Amino acid sequence: MLIHDRRYRSMTFQVIVFILVMALAWWLVNNTVRNLAAMGKDFDFGFLWQRAGYDIPQTPIPYTSDDTHLRAAFVGLLNTLIVSILGCIAATVVGIIAGVARLSNNWLIARLMTVYVEAFRNVPLLLWILIVFAIFTEVMPPPNAFRGDDPAASMILFDHVALTNRYTAIPTLAMTNDPGSLDLGARITFNWATIAFVVVLVAGWIVRRMIAAWAQRVQDRTGVRPTTWWMSLGVMTVPSLLLIWYFGLHMIPPQLRGFNFTGGLNVQNGLVALWLALTLYTGAFIAEIVRAGILAVSRGQSEAAFALGLRPGRTMNLVILPQALRVIIPPLISQYLNLTKNSSLAIAVGYMDIKGTLGGTTLNQTGRELESILLMMGVYLVLSLIISTGMNIFNASVKLKER
Amino acid sequence: MSETHAQTVPFVRDTMLPPADPPIKEAGAVRWLRQNLFSGPLNTILTILGVLIVWFVASHFWDWFSHSVWNADSLADCRRIIAETWGEGARGACWAVIRERWNQYVFGFYPVELYWRPTMTFGLLFVALAPVLFSESAGIRRIVLVLTTVLTLWLMATLGAPAAWLVFAAVVLVGAILISERHVAWLLVFSVLYPLMGVWFLWGGSAWGPIMVLAGPVLGWIAWRLLGRVSALVATVAALVVPLVWWIVFAGDASRDAQGIVSLAIPAVDSDRFGGFLLSITIGVAGIVMSLPLGIVLALARRSDMFLVKTLAVIFIEFIRGVPLIALLFVASLLLNYFLPPGTTFDIILRVIIMVTLFSAAYMAEVIRGGLAALPKGQYEAADALGLDYWKAQRLIVLPQALKISIPGIVSTFIGMFKDTTLVTFVGLYDPLKSMSDAVRASTSWKGIYWEPYIFVGFIFFLICFGMSRYSMYLERRLARDHR
Amino acid sequence: DTLADVKARGELNCGVNTGLVGFAAPDANGNWTGFDVDICKAVAAAVLGDATKVKYVPTTGQTRFTALSSGEVDVLARNSTWTFSRDTDLKLDFIGVNYYDGQGFMVNKDLGVTSAKELDGATVCIQTGTTTELNLADYFKANNMTYTPVNIDSNAEGEQQYMAGACDAYTTDASGLAATRAAFADPENHIILPEIISKEPLGPAVRHGDSNWGDIVRWTLYALIAAEEYGVTSANVEELTTSSQNPEVQRLLGVTDDLGAMIGLDKEWAKRAIMASGNYGEIFAANIGEQTPIGLARGLNAQWTQGGLMYAMPFR
Amino acid sequence: MSDNSTRPIDRSQMRVSDEIAIDIRNMNKWYGNFHVLRDIDLTVHRGERIVIAGPSGSGKSTLIRCINRLEEHQSGHIVVDGIELTNDIKNIDKVRSEVGMVFQHFNLFPHLTVLENCTLAPIWVRKVPRRQAEETAMRFLEKVKIPEQAGKYPGQLSGGQQQRVAIARSLCMQPRIMLFDEPTSALDPEMIKEVLDTMIELAEEGMTMLCVTHEMGFAQAVANRVIFMDQGQIVEQNEPYEFFNNPKSERTKLFLSQILGH
Amino acid sequence: MSDNSTRPIDRSQMRVSDEIAIDIRNMNKWYGNFHVLRDIDLTVHRGERIVIAGPSGSGKSTLIRCINRLEEHQSGHIVVDGIELTNDIKNIDKVRSEVGMVFQHFNLFPHLTVLENCTLAPIWVRKVPRRQAEETAMRFLEKVKIPEQAGKYPGQLSGGQQQRVAIARSLCMQPRIMLFDEPTSALDPEMIKEVLDTMIELAEEGMTMLCVTHEMGFAQAVANRVIFMDQGQIVEQNEPYEFFNNPKSERTKLFLSQILGH
């Protein structure tokens, strides 16, 4: 009998599994088709090209209620990406600070950080989002409190930023020498100045790398590493400063007109609250990862480095960090993944991310739940796959060689 | 230039020195302060900063906190009392809302006269967990079980449980204490039966339903035993098919008929009456109980050397882990009905539990995979060499060890899942955090109350999750210590 | 066949709002009350003979139509606006209107606004997933004004935001505004602007394709409306069954003619529906009328004989 | 104890100069309230090879870790190569670059190749050009007989090889004094010999060595002084032959009977 | 190498029958492209005690792991107790229940008591009633001289005791052939003897044994054949006295000089 032969046994088993899975898939699809037929619906993504009809408060690209659902979904995706990326950056900073502070030999700071980490790790994220949001709506003054000769509230940072219970009004940037915009079609434009800045920064970064490589070569040759920090600082900042001067870049502070602040950029509180809550929540997890990563590098490593005469700073850079990062990065990335997925809780604070647009209002207005939700899950899946592929590549490249 | 040179002064100590006390600045509070708070300029600055932060937080909340009101009928009432007691403009917390709505936060809309049922179910949960979680230390197990027994019985009595049920609970709990002293493993039988019992206690209705569900695996086992002589393959297939056929074709009628003959029913409670922490805990526990076996299967599949099985497991796990839970909840509430045969609709709580189960199973699989990977290869080889087949080796050798290693990970998965149960608010269920608080605030008397419900719910979540995480850390240390 | 299903189940699954005071909300014990809830009760009474045999399924703006089309609920009585696309594309059947509403705005008096036309640049709170979102966009566009929407998820959330001043105006159906305002500690400080920017006929809906079931729900609703027209109340329905000489009333209450049989019910279906929570007027008065904290006037929802739009088709 | 027969050393070749390499006077150390090292007095001359023995917890490791300031002492003086160890960072740096240390668990840097392990400190501390550092490193790797492993990572080597790399790494800093803290106790018996051989070679070249070890064969063959510690104190010191065959103190006798017993 | 004096065995007592227990013909095995076992031919008669020696990596472990199919061979034939090892699972199961195996690292099941370790396979594979299995287990635990440890967990035993439990565990399946893969090499010297004694006792009872070991004392005392492997081939086989005192091949000589050298 085939089943008794080692070679065919697993084949047989796999064929059975395959048939079962296929049957299950067929069953699901068949049910869906029959259900759709019974409800008189079809499976059609055509609705994406219909007029959306609703407004979105915060749109990184131009959008009006006359645009299509597809564009609304795209705006939602961009909003998801914005809060995720900002969140990942801030959470990393918070997490590293908190993680290192937890290891600090300062008793008070270590305890405070422990309280922070435990408080955020053991309470649902949704609660933190709601609480942060509540702090903004309940504690911050409404815009009209800034009105009048003796206002109840005043702007901070030299009248450049106003914290209100609706949004944080921050200045926008304007140019006296506007170079115009690059039009990508579909009303997506990039200002040439922005492009110029990106190019200059990237170039500056490359030059910085080149300087570092040169310093390395000099060190290899002579043993002495030239001081380069001022060069690096120069190439990173001077060209940008020149560009600022050339374009006449300046800030336009927000001003209270009518009901609201205008002129500046009003960052919706939903975004700020979501971002803050995600940052603090994920930061607490990252703090633990960082702590574990540093602890994972045994004390013997730093002792060995000290015994060789390396100073603590060098020891950190050359010995501890390269090893700790290997331990830290994989779980760190999966925290990034979690943060991105958790950003879908935007729904609780009315921030229109992809869940709010495609999976929310669009779904509701068109009644295309099957299409909308499948599409939305697809988008999240692609995001996760991109992130985790990055992680795998990284892991493979830094894996310690073992016997 | 000397081999036995002059420097080698032979030296022998005749009297041993007694230990001396360290120099004064190396001891006591001074040393502690110097080392822990002021060991350098940076640390001194940090300390001052820390003190400032603590001061800032405390000074802002102390007023509000110290002006708490526990007895009031409405928010307006609260405000009046605060104004009267601490003067006009004083701010204060109005915990009266919790006091008034406590039952709702805990039990949702569960019938008041049946509150004892969830209480008992929750108490028995600890009995079911005892052989799994508290098997490490008899002392802890004893404390947990005795505490559970006392609390459960006392609460049941206060909540007006019928005498018969009080006796039942007492017998089970005390029995568990006695059994666990000698043979903890025997309690596993209870752990296996508990899910069905729990379902019956919570939802009520006829006991025949759960019994008939249970009959499935029993029949499967009988079929397996009977056919085992004929052919292992046929027996295995039968063991899988018989329960399925039983459940799909016969179980429903059988339970109805049995109910007709011998009525074994307690008052039924509908799903829509579940809310608050009762809902969270029900979803959480159900999710974990069902995701564990599924997670095990997925983990084994992912480690299998059969390409197809492995691929399917990877696809499933990565898919689930790639989408937010909230999307899966929307699948539960919006799409699941599309995927099932036309006309089948079932309870939204059940659908949510299914999705939560799938979700945590994917995470669970990764945790268990870690446990499996941690087992030395020699264990597999020894099992092979003794002639155990794959499934016996897994069941007797591999899984018991791997699961034990994975307990801390499983507990963290559970904590994550328990926190995530708050998301069910988005599909219209009354979770304690948002829906319940919104419901409370929708009533005229508590309109406008904001912080107190959140702080209360957050505090309860913190207690539960923090307790669990500490326990799992304790386990982790313990396992690391006597990992033999 | 929904009727058979409901009878077999012995329970009516009724989709309602998760919590909108006056229309549908659970109290501290989980008992549902409200204007929409009473429709459910009436249908249950008509079909099953027991107004308590209802399972209330709380639905959010997002989940409500799916709950209906997937068969999770038999009737959706959740202040949903009857629109073309919902009736056609979403494959729902609205069986009538139990409340004629329109979208309005509420603002704080201090704002000094007296007309919606002055809301240019304002921040407006809206509930996501409702027609209000679309109406709002259309209205501001038509009037060449701009606004910032604040999307909120539930009514409670919206009130909170509005009260905290996170939005200048709160927009929803006028009935909802009234209900919300009524619950404020200081209702006099808030005004509902005169503009009604849309028609919002709210009504129960059933699945497309089961006309018989649609008829049952539709005529239950009409029975309630007609009962008010003819003065049949929950108090006098028994008495009128024996004493009423009005042939229309007699047919309605099943004294003469067996109308019930035509929709698969018994003779007394309408009588039971009326007895469940009273006629339309009673339901209105008990849940959202002037005597309740919500305090809505009948307005458009008065009987046609009183100059309103409530007009039951003849029972004949 | 492994009973590897160690090659007898030609002691006549090995000079001990009068110059003082390490001078410890009246040194005390506490961990919290626990008095680990009590009134230690020890003078080591250049070229001496000292073995420190004693029961576990007697403070051997702590003593040699104090010498390159991996631990801080609380009273008394430690002078290494004429530099007193105080809180002055410059002094500590100077001392550390004069003193090499080999640990029980090797503590190689797993993310760097063997060669990089060896060149790291010369490049960053001594500011030696890379080429030159690599040449030196290869020389020392040859000396410890594993030049062919230069490109591998520590994880790919056997324990004995790793320990030899650790010795080479220390030597690359060209220290004048070497400290060994039980360099062979984490090794399998076959590997002990290769490490001891390396150490013997070092001794023959006249390196000043302090070695905590229980390899009594090594002690007899190489050391010119054996120090026995107990309870944080130096209980006995003597030249090896005398120490092993004619111990004076009761404790020493007891200890020797235990470790040589089987 | 530990030089525990092993009790001389009374060879006259031990019969070697003509019946063939294991017959390996022309067997080859590859790991990927690496040819581990080359053309192995080996016939073992019932009652034979064979010691396999050879340098590390020569394929000794692989060879005996092929015999109970922990590894698959790619060409040639292995017949154990008349059953040819093919891909047929039934055959493999039969062979495994005839052949016991003891590993270098014991591989006891740490979550089961000693007694449970011993009864597991009889109960689940042989379907022996628990009572009976426990009796058998106690008998074998007595034989390996640790009946009093039956209730303990493996983690609570010393290495030597663990290895004896491992032997008892194998014996409980009442195998007709026992395979040992360096059963003493992970043990401290004091414990080696107790394990070897157990094995000698087994040999005296006439068990067919294949044993990979470097314990040459054991080989000389017990084996009736020593097989020397190198580079995947059987280089030499002979009876012990001849093998040790009069090796034929150069490799064997080199090998013997190394392991007996120090």
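The first chain written gets the first letter, and so on, giving A, B, C, D and E; residue counts start at 1 in each chain.
Everything that follows uses one rule, which is that a residue touches a chain if its C-beta (ideal position, glycine included) is under 8 Å from a C-beta of that chain, and two chains touch if they have at least 3 such contacts.
None of these values were measured; they are calculated from a predicted model.
Engineer: In terms of CA centroid distance, which chain is the most far removed from chain A?
Structural biologist: If we average the C-alpha coordinates per chain, E ends up farthest from chain A.
Engineer: What chain is most central when centres are computed from CA atoms?
Structural biologist: Going by the distance between chain centres and the overall C-alpha centre, it is B.
Engineer: Relative to chain D, which chain's C-alpha centre is the most remote?
Structural biologist: It is C whose centre lies farthest from that of chain D.
Engineer: Among the chains in this structure, which pair is joined by the largest number of C-beta pairs in contact?
Structural biologist: The chain pair sharing the largest number of C-beta contacts is A-B.
Engineer: CA centre of chain C versus CA centre of chain D: separation in Å?
Structural biologist: That gives a centre separation of 88 Å.
Engineer: Please tell me the distance, in whole Å, between the geometric centres of chain A and chain D computed from their C-alpha atoms.
Structural biologist: Averaging C-alpha atoms per chain gives centres 51 Å apart.
Engineer: Calculate how many whole Å lie between the centre of chain A and the centre of chain C, each centre taken as the average of the chain's C-alpha atoms.
Structural biologist: Their C-alpha centroids are separated by 43 Å.
Engineer: Considering chain C alone, which of its residues make contact with at least two other chains?
Structural biologist: As it turns out, chain C has residues touching two or more other chains at 62, 66, 70, 153, 160.
Engineer: Where in chain A do residues touch two or more other chains at once?
Structural biologist: Residues 35, 138, 347-348, 363, 369 of chain A each touch two or more of the other chains.
Engineer: Any idea which chain B residues touch chain A in the complex?
Structural biologist: Contact set of chain B toward chain A: 35-37, 39, 43, 46-47, 49-51, 53-54, 233, 305-309, 312, 318-319, 321-327, 330-331, 334-335, 337-342, 415, 419-420, 422-423, 425-426, 433-434, 450-451, 454, 457-458, 461-462, 465-466, 469.
Engineer: In the complex formed with chain D, which residues of chain A make contact?
Structural biologist: Residue positions touching the partner: 219-225, 298, 300-301, 303-311, 314, 318-319, 322-323, 326, 398, 400-403.
Engineer: In their shared complex, at which residues does chain C touch chain B?
Structural biologist: Checking each residue of chain C against chain B gives 18-21, 25-30, 55-60, 62-63, 66-67, 70-72, 153-157, 159-160, 163, 183-185, 293.
Engineer: Going by the contact rule at the top, pick out the chain E residues touching chain B in the complex.
Structural biologist: It is residues 68, 70, 93, 96-97, 99-101, 103, 105-111, 120-121, 124-125, 153-156, 169-170, 173 of chain E that touch chain B.
Engineer: Can you check the complex and tell me which residues of chain A touch chain E?
Structural biologist: Listed in rising order, the residues of chain A that touch chain E are 4-7, 9.
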